[in-house]
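In what follows, structures are represented as structure tokens.
The two complexes that follow have chain A in common; it is paired with chain B in the first and with chain C in the second.
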Partner chain A sequence: MISYRWRIRLWGMAFVAPTIAYFLVFKYGPMLWAMGLSFTSYDMMKPPRWVGLENYASIVRDPIFRAALLNTLVYIAGSTVFITLMALGLALAINTRGRGRRVCMSGMFLTNIMPILAVCLVWRFLFHPHGLVNQLLRPLGFGRIDWLTDSTLAMPAIILVTVWRFAPYFMVVFLAGLLAIPPEYYEAAEIDGADVLRRFRHLTLPLLMPVTFFVVVVAALLSARIFLMPYIITGGGPGNATRVLSMLIYETGFSYMKMGRAAAISVVLFAIVMVLTVVQMKLFTRGEEDYA
Partner chain B sequence: MTTRREFLRRTTVGAAAVGVLGAPAFGAAQGAPTRTPVKLTFWTWENPQQRPWLKKRIDQYTQQHPNVSVEFQYFAFSDLGKKVSVGYATGTAPDGYTTGDWLMPTWLTRKLIVPLDVQQLGYASLDAFRDDHAPAFVAGAIHEGKAYGYPLWFYGVLNHVNTKQFKEVGLDPVKDQPKTWTELGEVAKRLTIKQGNKFTRQGFKFAMHAAQWTMIQFNPIVSQVGGQWFDASGRCTINNEAGVKAMTIRASLARQYGAEDPADSIATFPLPQMDWLKERCAMFSCHPIPPAAIKSQNPVMESEGYFLPVQMAGVTPDKRYTTCYGFNFVVNARAPKAKQEALHDMYRFVMSDLVDCWEATAPFTLARKSGWTDDPRVKSFPHVQEIIKAKDNGVFFPRTPIWTELADAMHRAAQKVMLNNADIKTALDEAAAEVDRATAEFKKS
Partner chain C sequence: MRRRAAVSAALAWTGLLPLAVLTFLFMLPIVWMTTTSFQAGEKMFQLTTEWIPSVWHPENYPNALSRSAFPRFFLNSAIVSASVMLGNLIFCTLAGYGLAKYRFRGDRLLLLVILSTLMLPLEVTLVPTFLVIHTLGWVDSYQGLAGPLLIDAFGVFLMRQFMLKIPSDYVEAARIDGAGELRILWSIIIPQCRAALAVLALFSFRDSWDQFLWPLVVVSRDEFRTYPLGLVRFGDDYGNPPTEQMAIAVLATIPIFLLFLLLQRALRKGFDLSALKG
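What follows is the complex of A and B.
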């Protein structure tokens, strides 16, 4: 005879079982399989062959992998910083409760719901040497700028498109955080003589810390997985200037049919994302404690 | 229902094939080798002319052979190879498919396609099969004395000239058509119009949008200067003196003659010739451009006919110097025997009416010698002799199982040189090192 307590437990397990099964089959299973694959040579046509750490050794020696790794780190850092700053700035601007702010917010959010393919193609034309961006800059004294074909400018251009697309999404998150701060805090600070900057520094920022943490982590994770933007806008070029790890994984796996090597690169990307998340969690937890 | 005209045409084609080559008839009346139900899967690439014609012929075949059904699928040109690879990995590869001839080593080295029975394709022997194609075309299809691919369309790269723009600057499109790269540079310079740093018109344009196109346009230059992609040991030699010379020629249009802006293009896959079609550049080298494609992008150019396909720069009568590439029918090694036999029969049927093929897909030239070039409907096609000459003059892409890595490495090198003004030797050294790494890894695997 099963006790009442156990029956409750079993029912609970039965309810969560489908979700656990889903994650095992579609998330953790493939992840583990990919990790296993990273120790094999597999061209999708013959069965995988065990090669130990050879894939890892080979990617470390590969200058294209090193360039893609550096590009990925630059892209994550650049996108995360600018998305966070831009989203916070936009949220503060919208939060002023001026006229037309809802329309502005809706307009800005459109960038996030447009199909990514269309966004990339449009930006390719905007960044053309004689495209709209350069035409707008010309009256300001700028000459021709080869945004997408100059190896020093291509990555900043991709970051700019990323910020344009994702900052409004995170603006909504920041806005929710700002609206959750009780107005009494600001009234009290104002009575105590705190000016706008001090109120922002000592009230808004600390109280937004959990939201900022969320934005930074999610933006960094999003950036780490970016694929379509560099793939469509620059194709990873010029040279290797905008080739990121996710692109390299795709090329290695599906163009060169080296699935084992592609899996090894994806494990490296996974490790980077894990490290980033853990470091950010540590930093922000400490930050929150400082402000507590 | 077959009309009398259709019947006569088929009879003429069949008779011509038999008469000229002594090969067995390719007529549609050949029966399927088996009457048991056969369900085939067949994949090809998308092209607005070629894919519908292929589909039409396969449908005709299944109508004549009710026991055979074909699940016909097509994919973007650049995706087909990847789809087939993934298909092999997941056990969903088609029974038969068309493949770029540059991918033949990829399938052959992994034993993924079967040798074809040339007699089932309608040839008396392998020699008859070989003789029915220019030697270069079957070079990729025949391996260790067996035919693994049935060449379908193969075409050579031509230089497409805008004759109106030639005349505007006082050049005669026929007499002044550039025959060497130096001539091409000088003519392109005359055709170039600039406003400050903006090109209103580029004299000549190299495609910069895809690795495949970098190879299509660079390959003949490498051959012309006596270069080789690989030495006998398989080491990449593109960074040697000849390779540097070839890349110097490629870069000269921008660096020396100031006749092109590599960063300024509206070309996208699959329309690399878009700048030429829109008259933003006066010359562009690519496969024969179908009149329908010209009409869709520039109806005036098509209706007034101010375009002329000529041989690519560097082509000389004694040497084959244009790039030539094409497509083969192949049969999946994992397909059951009955399906393999049905595919042979279907391929023979599809290839049995080449004049119909030409009419539907011109100016994409067919690989076979027999059955089409002597037909008046082919002979009357504008500039057809020049188009066939380019095909026959063609040099092929390097045959290597690491083709994609090679193309990507060369594309990166071209980008570094053309867009970032990198040192040519350094860029080619990097490319060669990438290719050698890929070769070593392939050998290991």
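What follows is the complex of A and C.
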């Protein structure tokens, strides 16, 4: 006969068990498989052949891999910085009392509701030499700008689309953070004669630090996984200017059927994501109280 | 005091102007997509955008739908996304509850095991996940499409955090009254988690509805193609007007938009926690 307390404990374990089993099959198993595969040559026709570190040695020598690695890092840095700044700016602008703000918020949030593929297709047209972006810039004195075929502009263009897509979402996150600051703090600061700038610098900003940190890490994590935007908007071009690691994994594994080599690239992307995630988990579990 | 109120009211209104301009700019691509979907094909690459079509072409919609198997592609996407949403609602709730309201040896470790899967997004495990699905014989099937998306660690964490805020006394009291564990979950915990469930439903549906890379890898037969694959191929095929591509893009936006409207009230409450969901 199992005791009452044990019976309850077993229920708890039973609730978690399906999820754990699922992750073993669909996350941990595959990752171990990828690590093993990365030391082999495998095309799904013949059984995997052990090649040691050959895949790693050859990707490091490969200029396309190096370009993709650099592009991924540049993209992560660029989109994270601009998403965070834009989202914070929008949240501060919306967080003042007044009419019409909720409408603005819902309107902007629509960018997050549009299917990502629709976003990519629309922006590919908007960046066309005759497209809307150049039309809007023309009155400001700009001539024809070849956004997607100029290798210095293609990456900024994709970062712009990323900011457009994600900044309104993170704006909502920042807003939640702003609303959590007790209004008494501001009243006290006002009585002490602190002006708007000082209140922002010494009150809002420090109290918003945890949220900012969260936004930075999650945005970076999202950016590390980017695939569709360069795949659709530029096709990785011009040249390799916007080719990122996830695209390289797909092409290497499924266009060229070099599964071992693709697994090695996956391990590199994994290393990037791991660093970002470890930071995030530190944040998640910091100062957590137990209610149970 | 009254003058000060008037000044701050004026400030509130003038502050709205740049915000309204920004909102307008953010919404412009969406407006462009919608208006273009009603435009004549040859108007696409003119030097100025015709915001209100001189001649409306609503027939772009039926034309686009009939040119390719889009009704089927949309149906496939809907089946897969609904399954993914359901899977997340069920399993994230169960796991979140188990981790929030039960204490057992290793519960912290299990949370860590679950959260660590955030390091293993599908983009990273693409090749071996395909091999797993291949081994299971699920290539070209709904199971294959939905399988790798069925549970998301963010969802588990979201539910756990939300449930931690529910006082454990409720659970204890119900146990004393003789309620079973499942009964407690169903009639005490879940009704208090509506906001979190709304966030989870919207984002898990959208994530699956947006999936491109995974279907690209796991599907090769038309009957299991989802709408993003169909839409990209539709654009690649010579002679299909981009206006009709935009029509499909508008149609693809509608389900998520409706889901968003439907859940909006609950979402607003859940949004301080939505910070947890990408």
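To be clear about the criterion, the second predicted complex is superposed on the first by the 263 of 292 C-alpha atoms of A that agree within 3 Å, B and C clash if a C-alpha of one lies under 4 Å from a C-alpha of the other, contacts with A are read in each partner's own complex, and residues count from 1 in each chain.
Rule of thumb we're sticking to: a residue touches a chain if its C-beta (ideal position, glycine included) is under 8 Å from a C-beta of that chain, and two chains touch if they have at least 3 such contacts.
Only a predicted model underlies this, so the values are computations on that prediction, with no experimental measurement involved.
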Practice task
Go through the superposed model and pick first if A:L221 touches only chain B, second if only chain C, both, or neither.
Solution key: second
Handout entry: chain B versus chain C as contact partner of A:S151, first or second or both or neither
Key = first
Practice task
Could you tell me if A:H130 is touching chain B, chain C, both of them or neither one (first, second, both, neither)?
Solution key: both
Practice task
Mind working out whether A:G107 is in touch with chain B, chain C, both or neither, as first, second, both or neither?
Solution key: second
Practice task
With both structures superposed, pick whichever of chain B and chain C touches the larger number of chain A residues.
Solution key: C
Exercise for the section: Go through the superposed model and pick first if A:F254 touches only chain B, second if only chain C, both, or neither. Expected result: both
Problem - Residues on chain A lying within both footprints (that of chain B and that of chain C) - result: 44, 128, 130, 254, 259
Practice task
Sort out for me which residues of chain A touch chain B in the complex.
Solution key: 41, 43-46, 49, 58, 62-64, 128-130, 143-144, 146, 148-151, 235, 237-240, 251, 254-259, 261
Problem - Residue ranges of chain C in contact with chain A within the complex - result: 8, 11-13, 15-16, 18-20, 22-23, 26-30, 32-33, 36, 44-49, 91-92, 94-95, 97-104, 107, 110, 112-121, 123-132, 134, 147-148, 150-151, 153, 156-157, 164-168, 175, 181, 206, 209-210, 212-213, 216-217, 228, 231-232, 235, 242, 245-246, 249-250, 252-253, 256-257, 260, 271-272, 274-275, 278
Practice task
Going by the contact rule at the top, pick out the chain B residues touching chain A in the complex.
Solution key: 82, 85-86, 88-89, 106, 110, 112, 197-198, 209-210, 261-264, 402, 404-405, 408, 411-412, 415-416, 419-420, 422, 430, 434, 437-438, 441, 444-445
Fill in the blank from the handout: Within the complex, chain C is touched by chain A residues 8-9, 11-16, 18-20, 22-23, 25-31, 33-34, 37, 44, 90, 93-94, 96-101, 103-104, 107-108, 110-111, 113-119, 121-123, 125-126, 128, 130-132, 135, 164, 168, 172-173, 176-177, 179-180, 211, 214, 218, 221-222, 225, 227-228, 231-232, 246, 249-250, 253-254, 259, 262-263, 266, 269-270, 273-274, 277, 280-281, 284, 290-292
